[in-house]
Each structure stands twice: as C-alpha cells, then as structure tokens.
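Encoded as structure tokens, here's the structure I'll be asking about.
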Amino acid sequence: MFKMQELLEQLIEDARPAALLGKVADYIPELSKADPGAIGIHIIRSDGKQSWAGDNTVRFTIQSVVKPILLLQALLDNGIDYVKQHVGVEATGKPFDAINADQQLDAQHLNPMVNMGAIAMCALIKGNTYAEKFQRLLNLTRQLAGDPTIDIDEAVYLSEKATGNKNRALAYLLKTHGLLQDEVEDVLDCYFRACSISVTCENLAHIGYVLANRGMLPHTNERVFPGHFAQYVNAILMTCGMYNGSGEFAIRVGVPAKSGVGGGIMAVVPTRMGIGIFSPALDDKGNSIAGIRMLEQLSRHLYLSIF
Amino acid sequence: MFKMQELLEQLIEDARPAALLGKVADYIPELSKADPGAIGIHIIRSDGKQSWAGDNTVRFTIQSVVKPILLLQALLDNGIDYVKQHVGVEATGKPFDAINADQQLDAQHLNPMVNMGAIAMCALIKGNTYAEKFQRLLNLTRQLAGDPTIDIDEAVYLSEKATGNKNRALAYLLKTHGLLQDEVEDVLDCYFRACSISVTCENLAHIGYVLANRGMLPHTNERVFPGHFAQYVNAILMTCGMYNGSGEFAIRVGVPAKSGVGGGIMAVVPTRMGIGIFSPALDDKGNSIAGIRMLEQLSRHLYLSIF
Amino acid sequence: MFKMQELLEQLIEDARPAALLGKVADYIPELSKADPGAIGIHIIRSDGKQSWAGDNTVRFTIQSVVKPILLLQALLDNGIDYVKQHVGVEATGKPFDAINADQQLDAQHLNPMVNMGAIAMCALIKGNTYAEKFQRLLNLTRQLAGDPTIDIDEAVYLSEKATGNKNRALAYLLKTHGLLQDEVEDVLDCYFRACSISVTCENLAHIGYVLANRGMLPHTNERVFPGHFAQYVNAILMTCGMYNGSGEFAIRVGVPAKSGVGGGIMAVVPTRMGIGIFSPALDDKGNSIAGIRMLEQLSRHLYLSIF
Amino acid sequence: MFKMQELLEQLIEDARPAALLGKVADYIPELSKADPGAIGIHIIRSDGKQSWAGDNTVRFTIQSVVKPILLLQALLDNGIDYVKQHVGVEATGKPFDAINADQQLDAQHLNPMVNMGAIAMCALIKGNTYAEKFQRLLNLTRQLAGDPTIDIDEAVYLSEKATGNKNRALAYLLKTHGLLQDEVEDVLDCYFRACSISVTCENLAHIGYVLANRGMLPHTNERVFPGHFAQYVNAILMTCGMYNGSGEFAIRVGVPAKSGVGGGIMAVVPTRMGIGIFSPALDDKGNSIAGIRMLEQLSRHLYLSIF
C-alpha cells in the first residue's frame, strides 16, 4: 500500500545533499542564522488528510510567501478590477528585488510577486492606520494558515527595517511616479512586518490547501474568499511565483508556487493538495534548492503537473 | 441539453463587436489583406467530438503559433536537456520581436516563444539542409494538425523574406554571441517558411488536442511525442504564449495558448480539449482581440481554467 | 568701436521670442512661480571688465549649477584620486534625474553632473555634521561668486525637501549598493539646501570666471583651488554639463557650461571669460532655451568655441 | 633648448611597460597578429614642423579612427543640418559596438562615433554605388593624411567582412527602424573597407593637424573643409571619441581624439598640433593603453588641455 509519509521521508533523504549546494540568505543578518541543514515538508490533501516529514514544525520567516496573502487581502478589500488597475500582472523576468523601470513607470509595470508591486499592495489594504492594515493581513494569514498563534519574528522585523534600503528606494520610486500616496516609512513598516511573519511548513501547506480548493478551509468548508480570487492568485504564482526561475519551475514541477528567501515554498496543486516546504539553503535565484528538488520528485511520483 | 455548437455560435456573435476595436497586422504587406471581420472557432474534445462555428475553414498563416511546433521538433530531435541548454525557458516580459539583451546574451536569455529563441530553434532541427529541416517541420505540422494538405502561403513567405529585417538583426545578434552557427539567410528562410504555413481553425484545434492529450492523436491514439514534452511545451505556453499579455491571459482564461499575428490562437486544455481560433483584428500586444474574448467566455462557461 | 554691452542687449532682444517656446520648471511648486519672460546675461572677462544686460540682478535658485561647486568642494577636501574613485566621470547620456543602473551599480556608473553622483558628492564634503558640510559649501559658493550675501531660498528649499522623492529613491539606491554610508535624510537635506542657493547672473559669471582662470579670483588674483581642478571640472562640464543636450551644446557653443532647472546657465570660456545667464523657460531637456540661444550667438560673434 | 624629439623618445620609453598590461584586439583574426610591443608617435605642429619617435612608419588599420573622416565626408556632401538630422550627436556612454536601443530607435539615438551611427553615415556619402562612395572616402582620407599611397589592408578587410556579424545586426536594426534604405551588405562593404584603411602614425598626425587648423592643409594652406566642420567634428570627438573612456580622457588629456582597436589614436590640439599614435595593446575599453599614457604625459609637459 502507498504510504505518503514514507515517500516524504524518502524525498527528504534524497534532497538533503542538494541543500549543501545552496546558501542561506544573508542580506539581513538575522536570516543568516538559519540552519542550512534544516529540511521539512508538509502536505494537506483535499480530503483533509495530512502527511509530513523532517523539520515540519521549525519556525522560519515567511518572507515573499506573504505576497500571495497580500494579494488576497487586496482583492478581498477592493475586488479584481481595482487591484489589477493598481498593480499589473505581467511577468517581468526580473529577480525578486528588481527595479522594473528606470524612467517611465506605471502600474502595469508592477507585479504582485515582485517587491515593488508587493509594497504597492500594502497601500491597497483597508485600514485607518498601517498598524490596522497589518493587523488585518495578520488575521488573514492566521485564518489561511489555520493557526491563530502566528505572529511576527521581532528580531527579523527589526533587521529588515534597519537594512531595507533597496525597498526604501523602490517605495520612493513608486511615490515619485504617483503609484503610492502614503508615507514611505509607514507603508514599509507594514511590508517589513508582513515579511517577518513566522510560520512552519504546516502553516504553508494549509495556505496552499485553501488556494488549491478555491477559498475553502479544510474540514469546516468555510469559505475565506471567492473561487475566482484563487484563479487570479494561482495564475500569477504560475507565471511569477519563483522569481526568475518561474519558467524552469513550471516545466519541472508544473504547479503554482511561491518561494521566500527564508527558505519556505508554498505550492498549490489545484483541487488536490497544498504543500509546505522548508529548507533555507537557496540557489542563485533565491529559491530553496532542496525544496525545488523535493517538489520535482513529488510531482513526478504523484503526477502533479497541471500541464 | 447543452449544445456546444450553439454556445460557440453565441460566443462568435458576442465577440464580433470586439474585433472592430482591433487592427489587422500590417508589418508585412500580405498580412494587411486579411478580412478584419473574419471570425471562427473550432474545438476537439478528448473524446474526439468536434464542434465549430463561424469561419472555421478560412485559411490564414500560422505565424507565431508555429513556435510550439518548432519547439516540439527540436525536442523530438535533441531531447529536453539539449534544447533547454540552447534555448532558455524564462519569461522575458518583452513583446514578440524583442531583442532580449544588448550586451551580453547567452542561451538562457532566449525563450522559444520569442522570435530570437524561435530562430535559434530552427538550427536545432535535424536535417542536412535547411530545406530538409523545414520539410521535417512541415511534416510534423501536418501530423499534429491531422491534415496532410497543409503547405505554405507563398505570397506571405515572400513578403516575410523581403521585409524581415528585424529578424535578420536578431539572427546576426545570435550569431555574434555564438548562439547560431549556420548561415543567417539559410536559417531565416526556414523560419520565414515556418511562419507562412497556411492553416485553419480546425488545424489549430487538432494541434491543441494533441498537446492536451500528451502527445496522442485523436481516434487512432497514435503517439506523436512523449508526454513530458507536452508538459514542457504547455508550461512555456502558459508563461509566455501570449506575448506580453501572458499574465493577463493566465488570469482571464487560465489555459496554455499561443497566438500569432495572422489572427490565430491555439489553446490547450490539458486532458480536456484543443481549441483553434481565427480572427485577425489584433490588440496592441499582437493578440487576436475577439479571439481572447471568445476564450474568456468559453473558459467561464466550461470552467476551463486549470487554476 | 566694439561695445560688449550693445552686443549683449542685442542678444537678449534676439533671444526673447525663443523663451516663449519653453516652459518654466514645475516639478516643484515654488519653481513654477518664475517669470517666463525674465532674461539676463552677465559677462566677466579675464581682464576683470564686466558687461551685462537684461535682468542680471534678478535672484533665482542655482539648482544643478551647484554641481560643479559640489565637485570643487569634494576635490578640495579629498583630492582628485579619492573623488574619482567614489564618483566616476563617464557620460551616461541620460537626463538629469536618471537612475544610472538597475541591478549592479558601482561608483564608476555615477557622474558628478547627474543627481545620483551629486548626492554622493555631498557625503565627500568634510564636516562633522551635514549642517557643517553645507556651511562649507555655502562659503565656497560665496567665495567663487564674489558675493558674501548669498544664501538659500527658504521656500524653494522646503518645497524641494517636501517633494524630492525621486532623489530619496536615488539616495537609497546609493545606500543599498554601498555607495553612501550616512543617513539619507541628512545627506539629502544638504543636497536640497545646495540646490536652493539663490544667485544672480552676475554670481554665475563670477564662478565661471574663476573656472576659466584656473582657480584665480578676479582683481585680487587670490587662488581658490589649484589649476588642475579647473581642468577636471571643465572637462566634465563639457561632456555632461547640459544634461542630454551636452553633445549638441558642444557643437553649437563649444565651451564648458552647466545649466539648472531654475533657468541659470554658467559658462566657462577657458582663459577668456565667465558667463552667467538667466532665463527660466526651459526646453525639453531642462536647459534654458533663450540661454542657449544667447550663448550660441555670443560664441559665433566672439569665436568662443574651444574646438 | 627644448627638443621635441627627445621628449617623444622619453615618452615612448616611459609608456613601454604600460603596453604589457594591455591586450591586442582579437575579435577578428587578422588584428591579433599585431606586435603588442610596437609603439610610435608623430606630431605635426601648426607651423608645419614635424617630430616623431618609435615605430612611426609601421602600418596598421585605421579602424574607428576613420569615423571622424566618415563624418567629414558626410558633412561635405550634405551640410551640417542634414547630417545632424540623420545621425545625432549625444553621448551614449556605451562601448564602441553598443546597440543603442532595443525598441524604439530614432536618428537622435545614433552617434557618429558609435558603430551604428558610423554605418548610417556610409549611406550619407554621395556616389552612385558603394564602390564610388568608398573611393570618395578614400580620396578624402588620402588628402587629409597627406599621403596619396594610402589604401586598404586586404587581409583585414576580408577578415572584417567574414566575421562582422555584430555590424550586420546593427545595420539590420537601422534598416528595420527606417534609418537605412540601402542594401545592408553594400553599406557594410563600404564600412568594412573604411575600417581596413592602412595608415601610419604620421598619417594620423596629418589628419589631426587639419582638424586642429580648421580645415587647412599644412604648408599649402589649401582648405579641405570649412572651419565650422572642424568645430563639429572636434566637439564630438571630445564627448565620444574614446569610447566609454571619453570622460576620463577629457580629464587626463583634455583634447579631442579618436582611437581605434587597431591601436591608433589621432589627437587634435586646436590651433596647435595634430598627433598620431600607434600602440596596439588595448585597455578594457578598447583604447591603446600606452597611447593614452603618452598623450597624458605630453599634455602635462606641453599644457595641451583646452580646459
């Protein structure tokens, strides 16, 4: 009989050597403290069954995996038309911190999965203050992750805030092109907090489950967002979720996914499962190297590619 | 009872006004002769049933819709690793005739769905001469389209050849960066012929069927290519098939597709159907404007989005 | 007998209609209040004789004409080697607020006549605080301009500071690439003050005189800086002083010059004269339209071109 | 008493070690055959006196030093307004074979000292055929160089023609943007021949003399072109003559000059002298490394900087 857990354990063992080829993110001091050998995976199937292996309860910061949640919150607060008008959806083919344009910059040059677009999305969240906006984003994250205890990693947040000058440059560019109205430091505080949310593989798998099941939570079948929001988010994850390794990932794995420099990957197998991965050693594009290896093998074994 | 044909006829009537907003391609004189009011659709479902409406038997040139066929021929002749090493797979976010780089250009900057990459793929086709390479490509096209009578439109071919200086510039750039060994005019002759292949909606639907069914021809279940080639091609179509409107198309329609400036769109609904569209009035990104409208409506009615 | 003043008055009358074709800068509200019809010229020849015509005593903000003074202060405080190592000297061919690079940015991509490089130069001025650095720059400006009453235009300074988000983006880019160590707002405060220094045509002519005479003040022959600093500054003015109209200006006028969006132009005719111009209606490159016209005519009449 | 020849011999000895740090051009096989240790200098002062040292009679190909001659021929045949309308004058800050633009390209993006602009200038030369155009260019070169025996180096010409695919790409880009009407291979044949003209230091010094003396030949005082053409050419040489080392050269040497990858430099000291240099070991910008060293020392000793 097929045992999912055995498969997952095998995947972890097979992927472990790959982690040695990667490098833990060091662009902020706090991230460089991660254990490069840590590796975990967690799966929640659409029938609600869960399987896991490795370091699936280790906490790490969500980083860019928060981008689809930011996008969902913006969609919930404004609807598709408004969001698409303010943050475009075309791939840029640029790395995660790319400045999309040097002279003329309009909303259609932005993308929710690239930093500049993600910063612009913070301003789209409803709330009287940025503290209130962030609290609403955190609440959505807890709901999607099925974990009301989720909170930010204060040390990473402070480290991001202290060193995030590239993001400051991006935010001021948005502002000078009329794409951001609020105070840069207010917006960035929300963005840095969002990136510093501390999660586990299980949390990411749960978020992936909800996106795979078009907005329904497991077990309760409570609906968090309308089904066409899932189509919107998953489509963008497919074209831009893995930085400038998205094309390769679409071929090798074939499902929507989002990675973060904290080492997390959240993958969405529409109608079938949500997957959470953690392994902080990154390839040169900023994606978890062992994480992609595990997803590739899993996709091959379970025929996950949607193509 | 649901009648597919009635739905298709309705879609055509609904999309007709959209065609008036577009513009027939005029970058080569021959293309500008197309009737901007022409509009057709053809569907082949995985059970082999066919439905159609409108001008589904009108002939038009395949143009960029030949790119996935070029890619398939390159894969068949060389395997995935070799092809990926010579023509990369990342989205560029650039329009269809974009020059991908101005100083350093390597194979990973190319993409099979962008002209420069497509020209490079011509050189990957096996054959002693470029006439022989093209003949093999034409044979594969006939097989995929289920139509042994397919041939090139001589007038369009000559027009492309006479005016294709942008493609000449691209080919010489490839050559100067060591990404093309053969004579530019030989390679381009093959490329111009490939773009000038004359097809119908039905042909495109048939090609889409084979990609949707991982290499199997309808009825006979004869296999034209291994299943993982379909995953490779479909993944690239999803991220880059609709020029720099690919992100928007992924959201609105949600299936792999390829458009051409001749007005054709071939769409692939994995495991479910192949779709061929013709309507030569284009939007500002070079995609058939009524064609996208029809596909969006069809996707909504039949829940085609793979996300 | 040749009368310089008559020539200058003639030049002003001839150039007046050209001003109507330009547009007063409006990127900060205060600048848009300038009188588009104002026009003045002042010349100081190497023998110390002065001539002028038009609105030569009207005050306007120095804007980018402060860049060569920033460069001189940086040279005085650090020497040529150190300055050149921190701010490069190659033309970028980009407009005055260009972001020079989007991914890799090093000191050699900067230029003292482009905003990003000018901001970097503020940090090179000696001083314990940025208030002290600015005071030293102001003192040098007063000395070069032969006018101890020169000060900043408080309203323009506040307006620059309130709206200068493009410069904030540039400064954070410098910081994130390791090209700026100090606090962005401190550095920018110095930069915004520098741009807001209020001057007259006569002041600019005096500065031009000192650069034309390799560092010597008129009358007293007191030396402000060594002669090879003048060669350094004048060479950069020639290649980059007139934004992306520098090539055209070199042909039509043929002397080192620097323009500012306040409508000023300072021109240096090596060994012969300094010229100050004011006319706030700008062409599409940000240069005073009547100012260039006057300089072209003056160059033709007096054979000023150094080529 | 000052002896120019002794100074030149001293300069050569001082610069010799610098040549060891450079590299002979190898982008075409023929160029790589040059002796990296060769070094020569020749000066013609405005009073007609000549001095030289080192390998001043060794022949080498003119390469990009032909660009100012191409520009002069275009000016002679069409006047300033027409030429400036077809080939712009702004610096690009790009290396010598840069493609100036990837999407929109107009005449103002070109520059006579960058390959794309130089190719466009070939088409501006009057003549019924490109053979005739080239013959007129060669005649002008002979006249400017004071040497009726000058001709092309056939081996270099054939090598350029066989391997010049970057220039083919540039020419097709010009054509596709409507900036070139004639057949690409015809135009390039003229361009490749122009680059292959074989010269000596003495020839270059003679050309520099004519530009320094606003169109007058030495001794005879025969006028080859009007004085304002010299201002046009010299101004462009100052801003763009030394590839993307032009800014540095303006500071260190301070005179208009043009270098070629054959190792030649022609320098113009307005009203004072023409200088010809040969030393084929190049720096990473494509300029003769010992040549620049010699010019810097010469400028310092003789106060040649025009700033």
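Read from first to last, the chains carry the letters A, B, C and D; within each, the first residue is number 1.
Heads up, the rule we're going with is that a contact is a pair of C-beta atoms (placed from the backbone, for glycine too) under 8 Å apart; a residue touches a chain by one contact, two chains touch by 3 or more.
None of these values were measured; they are calculated from a predicted model.
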| item | value |
| --- | --- |
| Neighbouring chains common to subunit B and subunit D, by label | none |
| Farthest chain relative to subunit D (centres taken as mean CA coordinates) | A |
| Interface composition of copies subunit A and subunit C: same or different, split at half | same |
| For subunit B paired with subunit C, centre-to-centre distance based on mean C-alpha positions, whole Å | 55 |
| Distance from subunit C to subunit A - Cα centre to Cα centre, in angstrom | 47 |
| Centre-to-centre distance between subunit B and subunit A (centres being mean Cα positions), rounded to whole Å | 32 |
| For subunit D, residues that touch 2 or more chains besides their own | none |
| Interchain contacts (touch definition) - all pairs | A-B, A-C, B-D, C-D |
| Contacting residues of subunit C [partner subunit D, same complex] | 84, 88-94, 111, 230-232, 234-236, 238-240, 244-248, 250-251, 254, 256, 270, 305-307 |
| Partner subunit C, residues of subunit A touching it in the complex | 95, 98-99, 102-103, 165-166, 168-173, 175-176, 184 |
